[in-house]
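Take a look at the structure below.
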Amino acid sequence: MTLDVALEHRFGNFEIAISFAAPHGITALFGRSGAGKTTVINAIAGLVKPRSGRIVADAATLFDTSRGIDLPTHARRIGYVFQESRLFPHLSVRQNLLYGRWFAPRAVRQQRLDDVVDLLDVARLLDRQPGELSGGEKQRVAIGRALLASPRLLLMDEPLASLDEARKSEILPYLERLRDEVRLPIVYVSHSISEVARLATTIVAISDGRVARVGPTAEVMSDPDTFPLMGRQEAGAILPAKVLRHDLHDGLTELVTSGGRLLTPRVEAPPGTDVRVRIRARDVILALAEPQGLSALNILPVTIRKLGSQDGVVVDVAITCGTDDLLVRVTRRSVERLGLAAGKSCFAVFKSVAVARRDISTVDAKPD
Amino acid sequence: MTLDVALEHRFGNFEIAISFAAPHGITALFGRSGAGKTTVINAIAGLVKPRSGRIVADAATLFDTSRGIDLPTHARRIGYVFQESRLFPHLSVRQNLLYGRWFAPRAVRQQRLDDVVDLLDVARLLDRQPGELSGGEKQRVAIGRALLASPRLLLMDEPLASLDEARKSEILPYLERLRDEVRLPIVYVSHSISEVARLATTIVAISDGRVARVGPTAEVMSDPDTFPLMGRQEAGAILPAKVLRHDLHDGLTELVTSGGRLLTPRVEAPPGTDVRVRIRARDVILALAEPQGLSALNILPVTIRKLGSQDGVVVDVAITCGTDDLLVRVTRRSVERLGLAAGKSCFAVFKSVAVARRDISTVDAKPD
Amino acid sequence: ATTGTAAESMRPVVVFAAASLKNALDEVADTWKSETGKTAAISYAGSAQLAKQIQQGAPADIFVSANIQWMTALADANLIRKDTARDLLRNRIVLIAHGRNAKAVEIGEGFDLAGRLADGKLAMAMVDSVPAGIYGKAALTSLGIWGAVAPKVAQTDNVRAALTLVARGEAPYGIVYATDAAATDAVTVVATFPERSHPPIVYPAAITAESDNSDAGNFLAYLSSPAARGSFERQGFAVLQTSPTN
Amino acid sequence: MDWLSPDEWTAVRLSLQVSFWATLVSLPFGVLTAMALARGNFWGKQLLNGLVHLPLILPPVVTGYILLLLFGRRGAIGAFLDQTFGLVLAFRWTGAALAAAVMSFPLMVRAIRLAIEAVDPKLEQAARTLGANSAWTFVTVTLPLILPGILAGAILAFAKAMGEFGATITFVSNIPGETQTVPSAIYAFLQVPGGDASAMRLVLVSVVVAVTALALSEVVATRVARRIAAK
Amino acid sequence: MDWLSPDEWTAVRLSLQVSFWATLVSLPFGVLTAMALARGNFWGKQLLNGLVHLPLILPPVVTGYILLLLFGRRGAIGAFLDQTFGLVLAFRWTGAALAAAVMSFPLMVRAIRLAIEAVDPKLEQAARTLGANSAWTFVTVTLPLILPGILAGAILAFAKAMGEFGATITFVSNIPGETQTVPSAIYAFLQVPGGDASAMRLVLVSVVVAVTALALSEVVATRVARRIAAK
């Protein structure tokens, strides 16, 4: 499936002109507050009628001003997790969860209530009214409600913003499964780079009502130009890898990359699985010689490809590791002290524990 | 000022029994979704009447069942940023912002509209109605509205959850200034450990309606027992330091700690200022010998104080650096390979860039 | 419509009667029932309302009006059987005053009602539309004092409301039917208007053109019977005809 | 209680019957009209709005008279209903119910309309995204949310129907056992000397009945509202 | 237009005046009562609720009679008002306004009450946290949010006042130029054979007036509602 969006809209003197195409998978809309993310999602849902444009999901044209098509919202079969939960106050949590099922054709009912209830840990809440829930609980129920509608396209507007880390790390793998196993396309709005890096197939960076950058996640994330959009702390590259084996004693997983072997905390995927590993630029140390006696387990030979701007305190260094690119962020002082320059060979050092479970994601094996 | 909270309440079969005391500064309520954070804040605001308890802010008793005191909400002079923005739909953004001013005694009107408008970047929105704002815009206005009421106690329930990183990093220093300069006590609910680590004077970890842990931020954050509460990725120690000097050429700041000198990206504080630096356990590498030719600028001699549980993949190592404690997280494989053990001397290595601007906070100099 | 003798004989006679007749007619209907076993269902409302309903095909068998105008209007439209029409009762209008012991007054040409009223009101039914009011206005006009009194008249939608105003002392004087005045202690009849001063106040009755109830004639006849006479007279009406039969 | 005569009992029963059916039958129309007025955007909306309020604006006698002209046996609609459905309204209790329904319709519609206007359209949008079309959205979201308003409208209509007099007596007259409701009976008593006491007894009865209904409806409404309460 | 006689014009003017003042003066009481019923929790709330609805339940004549008993010159309250403030209601247009106000009060209160019940208490809580006490919260938050409801209540009351007849004529009778409102005039015409045409002219006038007021109120309400719209 592909998602093809082109729309123009105007609120007062705020103009939105967005157009992007995304392949199957999770498309992350990324941008500052007020950039226009919710507006785009609303247009896909049919809740905002753009002045002109075209929205095609898979083969289905949801909206097309030139052809006079404007599918009503209920016929679009989308699931929408709103920025504010919008639970039905007159229905119990259970009834809220099951609401969409009434309308989903029996054939497409994929999600089971019990599974979703377990995933979101809302069993305790099933007989409550929405008025009796905490903020995060509301949001979890809203996610469940959208999932259980068995949509053919899921829209999520900052779904995890009000959830704690532990909850987030339970839900993220589930969204990956939806993406990879159920092959449910998802449009995902988030301000969290780590969420986006982990989940997104495609990143659409929106700024002031325009598309600032579109592309595959790995590409966008390792492009220094997009760092200002994402916040420097989170910049980093995404390295394709394959699971080699699991060390049962240590609980570590050995991955093969084009530049050598990597050790990371256990990845829940059988040997042979393709994964992608996000390695933040700030986590990597460059060493002139191969260091010894370090607790860091990953030391890979690399070549400096390019030095970024040297105007600031820090310098972004693009390095080649095998056939893949990595990013390292060092201080300008280090660049000077170590005499770093393009073409120089050195070693990239980083800790296994710096690669968190959430930095590793399984790869959607059959992109179309 | 101190904040003294003891309360018991019950929702259906969910029991809340919270009691903690916090010194002046920012008190962070931390805990999973549904733990009872909003309930505590609501009780302080007088919006939930606990079945029994006592709430004292500064010398003022806001609530005390044993003495029959229950100050009405409007007389408590609190500013409350709600989890959902709760803007007044019939008032423009400007009127929303100024709402609290009408009721604040002239003498205490500290915040100027223009300052707050600038800080929150809402100038463009002043004449809009709340219905015409994006999610993050609403939240910013709600923050401004609470600030402009010139409260003597600020309650913030996940105020930054719906904001982008850039916005967050503009607002965080402002909250620090409120804490340190205006000396406004703040009770802050957040799921973001980095926010909490940076802002909080005191952390109150709440779990299932009880207080799981209370204490000064540095103490709670470096206590391995609280890691599960916070998510392992964010665990780390907070190191007290003093600004030594700024290197104008490099843009680096040199800090003095009890264990040696540290280089970090420029800290906006004059030499001599006390600061605290959060150093995440996952960012530190241990080396048996002092490594050479590394891009990492900070290499401090340390002694291993204690090894944490060795049951898992990773081991939390407590080290002593001068007179302060640091935490390092390494794999069990590294522990074995390097023969790490209590009492062993080694070197802690970490990058300057791993210490983000948001990990360094100025210290409230006059705790009481 | 239903036919069949069983149903027919069970059907009550439907009487549309001016509301001021309620007490008397209820009593008459009760005695008729105890004598014949037949019932009359009496709908009391304003004569105008009832007449309009009959114009619209109301299932009434008998119409008893409080004035001649509406009966005439129905007769002109052939909605009543003219041969059955008769003037049933007569009434008088009286001047009443608030209180138990008001002094009687002499009504004559040009008597100073306006002066007696001072700044009080004269309570009457609507002078151009409700029968009691129409008669009252006619009387005052013929006495030559309407012009002086008119600005002080408080008109009500029915004569009972006028009575209430005087009974409560809101208005010092009022003009009502003699039948109304008799019943309350709160007012005193201070004078009865001369019969010559206004058109005769008669209550005509007739069987409607559409009536197919064979008992209608009986009941109408019974209204003029000596048995009924007592009931009417007890309420202050004068019975105009007594049928020889019964 | 034998301080009411059988006829009076009949009037009380009839009033209840008339008010109940008037309220019940007009309720769906009330909801539809309120929906059209609150949400619709069609030509003649103001006209419809005016028409709905007409019984409020006109003296009841006029409304009754218009009903008589339209729904009487000789009236255009009355004749049609009679011939087509065998439904006779004129001078029947059904006519009294029609008069009561018409007179109370503006109150019912306004209450329901206010409730509809208070429903957050965002919830309806949410229902749409979950696959509910307009009709289902209305039934599953809007309708339950406006229940308190519908209840308020119904009870207001019921109370009004219990007190309705002018239009009723003008349209269907005051025939004991068929169209004599409590207010008509009260009226008749008030028209003759000595009827005040009887009238007062009936007033008391209708007050007791209506206030009981009112109190009941409050209880129900509170319960419904509590369920929906905290948005 | 000279197809209305001067007397009829007077009646129209008087009806407008009576309805306007009845609505305006009862509005604050309506808001207070609605507030008490919607939010209050006091002994006798059901009693107050019943009392408010009484004019709906009772035949208008009875209400008029009760008004006469209470507010007539000899009535308990009437005498007091007369002696204390020199305020006479009996046989004055002010009395007509009182009757209209009482008769339309239940409609007004219900509309406003529904609006109050639809206000999200969370917004009022927010106002409290910002330092507004109950009174200020009401004035700055609740009141503006219920404006559409107040408007609806007012227009409903106005319409009802324009059509009020039974209680008015019973209480203040029908004195041309002082208490003869349009409905009384219409009633008079309907009582005589052949008066229908004249009655219909007046009906038309009052319909035009009331429907205009209605349409105006809709426009205002829509504007107010749009401002508040998207919560």
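Quick notes
Note that the chains take the letters A, B, C, D and E in the order they are written out, and that residue 1 is the start of every chain.
We take it that a contact is a pair of C-beta atoms (placed from the backbone, for glycine too) under 8 Å apart; a residue touches a chain by one contact, two chains touch by 3 or more.
As the structure is a prediction and not an experimental result, all values here were calculated from the model.
Touching subunit B and subunit E together: no chain.
The chains in contact with subunit C and with subunit E alike are D. Looking at contact counts per chain pair, the maximum sits at A-B. These two copies of the sequence, subunit D and subunit E, are related by a rotation of 180 degrees on CA atoms, to the nearest 5. Comparing the centres of all chains, each the average of its CA atoms, the largest separation from subunit E belongs to A. Relative to the C-alpha centre of subunit B, the farthest chain centre belongs to C.
Here subunit A and subunit B face each other with the same set of residues for the most part; over half of the interface numbers are shared between them.
For the pair subunit B and subunit D, the distance between C-alpha centroids works out to 60 Å. With centres taken as mean Cα positions, subunit C sits 90 Å from subunit A. Rounded to a whole number, the gap between the C-alpha centres of subunit C and subunit D is 34 angstrom. Across the assembly, subunit A contributes residues 84, 132 that each touch 2 or more other chains.
In subunit E, the positions touching at least two other chains are 61, 65, 122, 165-166, 187, 190, 231. Touching of two or more other chains is recorded for residues 52 of subunit C.
Touching pairs of chains, sorted by label, consist of A-B, A-D, B-E, C-D, C-E, D-E.
Interface residues of subunit A facing subunit D in the complex, by the touch rule stated above, are 45-47, 72-80, 82, 84, 86, 88-91, 99-100, 102-104, 129-132, 145-146, 149, 155. The residues of subunit C lying in touch with subunit E in their complex are 46, 48, 51-52, 69-70, 72-73, 121, 123, 126, 128-130, 153-157, 161-162, 164-165, 168-170. Of all residues in subunit E, those touching subunit B in their complex are 122-123, 125-133, 136-137, 140-141, 144-145, 227-231. Every residue of subunit B that touches subunit A in the complex is listed here, in rising order: 11-12, 31-34, 37-38, 83-84, 128, 132-137, 139-140, 157-158, 161-167, 169, 191, 193, 230-231, 233-234, 247, 250-252, 263, 265-266, 281-283, 285-289, 291-297, 312-314, 328-334, 338, 340, 349, 351-354, 356, 358.
Within the complex formed with subunit D, the subunit C residues making contact are 14, 16, 19-23, 41-45, 49-50, 52-53, 56-60, 158, 160, 179-180, 182-184, 235.
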